[in-house]
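After this come two complexes, each holding chain A, first together with chain B and then together with chain C.
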Partner chain A sequence: MASVTVSHVNKAFGDFQALSDVSIEFSDGGFYALLGPSGSGKTTLLRQIAGFSFPDSGEILIGGEAVESLPVEKRNIGMMFQNYALFPNMSVFDNVAFGLMVRNTPKREIEARVGEALELVRLSGYDDRKPHQLSGGQRQRVALARAIVFRPRVLLLDEPLSALDKALRLGMQVELKRIQREVGITTIFVTHDQEEALTLSDKVGVLKDGKLLQEGTPRELYERPATAFAATFLGDANLFDGSADDGELALADGARLRTLEPLARTGPVTCAVRPEKIAIVAADAAISSDSNVLEAELEEIIFAGNSLNYLLRRGDVSLRVFAQNRAAADLQPGQRVRLAWRAADTIPVEA
Partner chain B sequence: MAVSDTTTAPMNHRRPSNARSILALTGPAYLWLVVTVLLPLAAMFYFSFLSDVPLAARDWHATLANYAAFFQQDFYRTLMWRSLRLGFEVALWCFVIGFPCAYVLAKTIKGRWREALFLMVIIPFWSNALIRVFSWTMVLRGNGILERFLDWLIPGFGSLDLMFTYAAVVIGLVHSYLPYMILTCYISLSTIDDDLIDAARSMGASRLTVLRRIILPLSMPGIVAGAVLIFVPVIGSFMEPRILGGREGTFLGTVIEDQFTAVFNWPLGAALSFILLACVMIIFAIFQPILRRAS
Partner chain C sequence: MKARPINVLARVYLGLVLAFLYVPILVMAAMSFNASQFYMLPIDWSFDWYVKLASNARLLEATRNSIVVALVTTAIASVLGTAASIAFFRYDFRFKKVLQAALFPPIAIPWLITGTAMLMFFFWSGIGRGLHAMILGHVALALPYVIIVVSARIKGFDPDLESAARSLGASPWQVVRHVTLPYLAPGFIAGALFAFAVSFDQFVISYFLSVPGVSTLPVEIYTAIKKGFTPEINAISTLVIAFSITLLVIVSRFYRFGGDR
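Coming up: the complex of A and B.
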């Protein structure tokens, strides 16, 4: 096991700057998600860490050792591919044994360790199957066993769950987390799925256009997004554009919102509010003194089973509010409603 | 109409016409095959048991002597071994030269360059086989293009006359049949997912291990198909051996050709052809398990 340090890494493909000055510290034994839309550079970064391609400049350290010029086969990393990339000509046993075989491990030890690895992913007894005889979830487990059986220093996962249907995905999330904890291996995974990033990892880095925008625990990122992009990409967010005036956010139509902390700067400011933090309140309801209140017109109600999704409009700004099913009031589209939320849930973000 | 369609009577009506249309569509192809392949082959098989060409002026009777000749005279068996060895060597050289080329085309080069290089692979198919072979005579003969080129490259190289040697036959045949190997290998290589190679490397496999454990086993169907496509025509070939091999170019194929064109002993030529065919079939039967596993 080892920590991974990426410092000031740049990578360009022709004119396209895939990574620009990215620095991240992946701590030993941590479970780290690289989250971003396609083209954000997250897969490029993973491939630099793996050693499939080399950065134009910058350093990559694995366990304190500089590896940026070592090819992948010398880095001792385990990697799981999006489509699993199981060898179709080999049985499950031979697939898992491959990493041990190339390391010239004695035959008896190979048998013992492949057995352990298959037990860890709960596939004991599948040794002789060929990949095409396995379901998607089983292939994924084989790929995982194959990536960790030779005890690599780091485990890299490329969109690990995207090829599975939703029910399997939820099961595998739990499995992946359990296995990662049992093995204790430093794990870095790439995903475009914010829910996956939030539920699986203990630290998330958000990438966009080849730059690391923000990193932190899932909770920090969700509750205190630093940019409008992070706020909207990780979950949903209502964005309010206005200008700072006397520590508060003054909207164009004259309404004023208090923010998490009084605004120190002046000029244009954008604030983000999570849809589930906003409540639709009755006109005569008592509202605590630290709340923001706005009026808006209800345009549509979307029923999503356990929750209700309100689409509202205030001037030319559209807003969303999520409410639990049990708390939902009887409202009709076209109605004007009052919205209220705590000042502490109004987060200033960079536009 | 829609109602009567669901009853059985119209259905019964349609069935014979269905069979008729199947016959009409497949009939010409089968007729063509019967007339052009099976009939001549059957005629040849018949000839092979005769003592002489069955023409009015000749005296002929049924005999096994043509087949017996092959087993009685060492000459034919030596030729058979030579032909099989030639087929094996040409297929091997085609693999040695063609596989790396197919690998680069399938895995390294993308876009326009791939098309251009493919064209260069295909071009031998477009030119007349006889012209191709004769152009080799100018390259391989003493004081020919190859000798002058090597002499220019390495001053004082000396003389090199490959004409009328076994090597010349192999060179000519490899040139003719290389595209088959490149194309069949290219097809099976391009179906190998690049992630498989990346995955093997991520587990610590060297390039050689990746080649041996992943790429070669997965491209085996293409290699085997190419080898079969080359082996079968090469062991019966007569043009390249005759022109490039001269006296050294005596193989079963050239002897069979002689029986038909020079000696006018069709029965012996036919018998030798069927022995060759039987040999190929025996070889494939022996290698059947390997071939099946490969594909």
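Coming up: the complex of A and C.
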């Protein structure tokens, strides 16, 4: 296993700057998610690390060794492709054995290691099947076994779960995490699915327009997004635009919100509040002193079984509130309601 | 289950198609074993015509020429055609569309016209006539067929398979050997069969490009029939058919054609 260091990497395709000055440290044994919308550069970055494409400038180190000019086959990485890319003419065994075969591993060792790998992904006994005889989830397990059987230094996953339906995806998330922990391999995975990034990884990097916007643990990123983009791309967020006034956020209509920490700057400020942090409270409810209170008009209630999704409006700003389906108040659209949340949940972000 | 009228019609139709395809061949094969030169029935079974064939130097020489020309044509056309198909699939270059479109007219232009044109060109350019000229002509004819057949196979190729093989540590040569070629093999074999058939069947162009004493089997059969039909022709034709069928059976045992992978 090894750590991966990407420092000051630039990559352009013609006029399009796919990566600009990206630096990330992927720690040894960590599970790192590169999250971003399409065109954010996350796949380009993965391809630079894999060695399918080479950066215009900057350095890539795997286990301390500079690899940016090595082709992919010399980097000793394992990669899982979005469509799995299993070799259709080979059996499950031969697919998994491929990385060992091209390394001239002795036959007996190949058999033992392929057996172990298939056991790890819970596909023992499927050796002779052809890929077209497997379900989507099984194909994915084969692809994973194939990518780790030769003990690569890094495992790269390109949108690994996007081809599966939702029920299967949840199961595979658990599996993937278990296998990654058991093997202890440094794992970098690319996804546009924020939920996947949050549940699987222990560190997330958010990319946009070829730049690394923010990185941190899933919790840090979710609770303390640094930009309005990170706040809305990683989960839902209500954004309040206003200006800093005496350390508080003054909205255009005169309402004032207290923030996580008193605002140090002046001028226009945007704050994000997660919809589930906001409560709809009764008009006469006691509000603790460290809370923000705002009135809004309820426009719609969406019933989602275990939760309720309130759509509200305050002036020309639309707001969302999520509530557990537990003793929810009997509210009607058109009604004016009071919203309350902790000042600490009001996060100033860069617009 | 009772056969519905439409089913009966369909069966009759199928039966007729098969009959028109195979009955003439069966008759010919049967007659090659008939001692009577005048196709008298009942068949008087014998191998006379095969024995006579064995001493017919002209026909045997022509058969040998046909096989040599067809094998050389197949080797050249299938390698060039496969390379061209890979290039069309993998690379974008100027005039790619024009080049691809230019492949089809030779298939549509009557061989008689192509043959005349080749004869004139080969004469004018000093290439002349003979087996080498036939091989050149056959390769030109077979190439579009190979490219079309191999391209049809390549179209379904997922380039990620090559990326995957590389990520697993395969050198460029190992990628070609273990991933690309095995995938292409059925297309390559089918293309090679086409090339062989185009060349081995070729009459018009071979006729134009043959010189006295050096011709191919179809040309020789044509010449022989003009002079007067002998059942030796049936014998050699039956052998050729037996050879073709054997080849097809062997190939289809190794490769299932169609959509499988």
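Going forward, the second predicted complex is superposed on the first by the 350 of 351 C-alpha atoms of A that agree within 3 Å, B and C clash if a C-alpha of one lies under 4 Å from a C-alpha of the other, contacts with A are read in each partner's own complex, and residues count from 1 in each chain.
The definition used in the following text is that contacts are C-beta pairs under 8 Å (C-beta built on N, C-alpha and C of every residue); 3 or more make two chains touch, one makes a residue touch a chain.
Note that the structure is predicted; figures quoted are calculated from it, not measured.
Chemist: Superpose on chain A as described above, then tell me if chain B and chain C fit or clash.
Modeler: clash
Chemist: In the overlay, answer first, second, both or neither for which of chain B and chain C A:A279 touches.
Modeler: It touches nothing on chain B or chain C.
Chemist: Identify the partner contact of A:A50: answer first if only chain B is touched, second if only chain C is, both if each is, neither if none is.
Modeler: both
Chemist: Report for A:H132: first if it touches chain B alone, second if chain C alone, otherwise both or neither.
Modeler: Touch status of A:H132: second partner only.
Chemist: Looking at A:A344 after the superposition, I want to know if it touches chain B, chain C, both of them or none. Which is it: first, second, both, neither?
Modeler: Neither partner.
Chemist: Figure out whether A:A228 sits in contact with chain B (first) or chain C (second), or with both, or with neither.
Modeler: Neither partner.
Chemist: If I apply the document's touch criterion, which positions on chain A are contacted by chain B in one structure and by chain C in the other?
Modeler: After superposing on chain A, chain A residues 50, 52, 71-73, 76-79, 81, 83, 85, 87-89, 98-99, 102-103, 146-147, 150, 156 contact both chain B and chain C.
Chemist: Any idea which chain C residues touch chain A in the complex?
Modeler: My answer: residues 158, 160-161, 163-172, 174, 178-179, 182-183, 261.
Chemist: Per the contact definition, I'd like the list of chain A residues that touch chain B in the complex.
Modeler: Going by the criterion above, the answer is residues 50, 52, 71-74, 76-79, 81-83, 85, 87-89, 98-99, 102-103, 146-147, 150, 156.
Chemist: List the residues on chain A that touch chain C in their complex, please.
Modeler: For chain A paired with chain C, touching residues are 50, 52, 71-73, 76-79, 81, 83, 85-89, 98-99, 101-103, 132, 146-147, 150, 156.
Chemist: Could you pull out which chain B residues touch chain A in their complex?
Modeler: The contact residues of chain B facing chain A are 193, 195-196, 198-206, 209, 213-214, 217-218.
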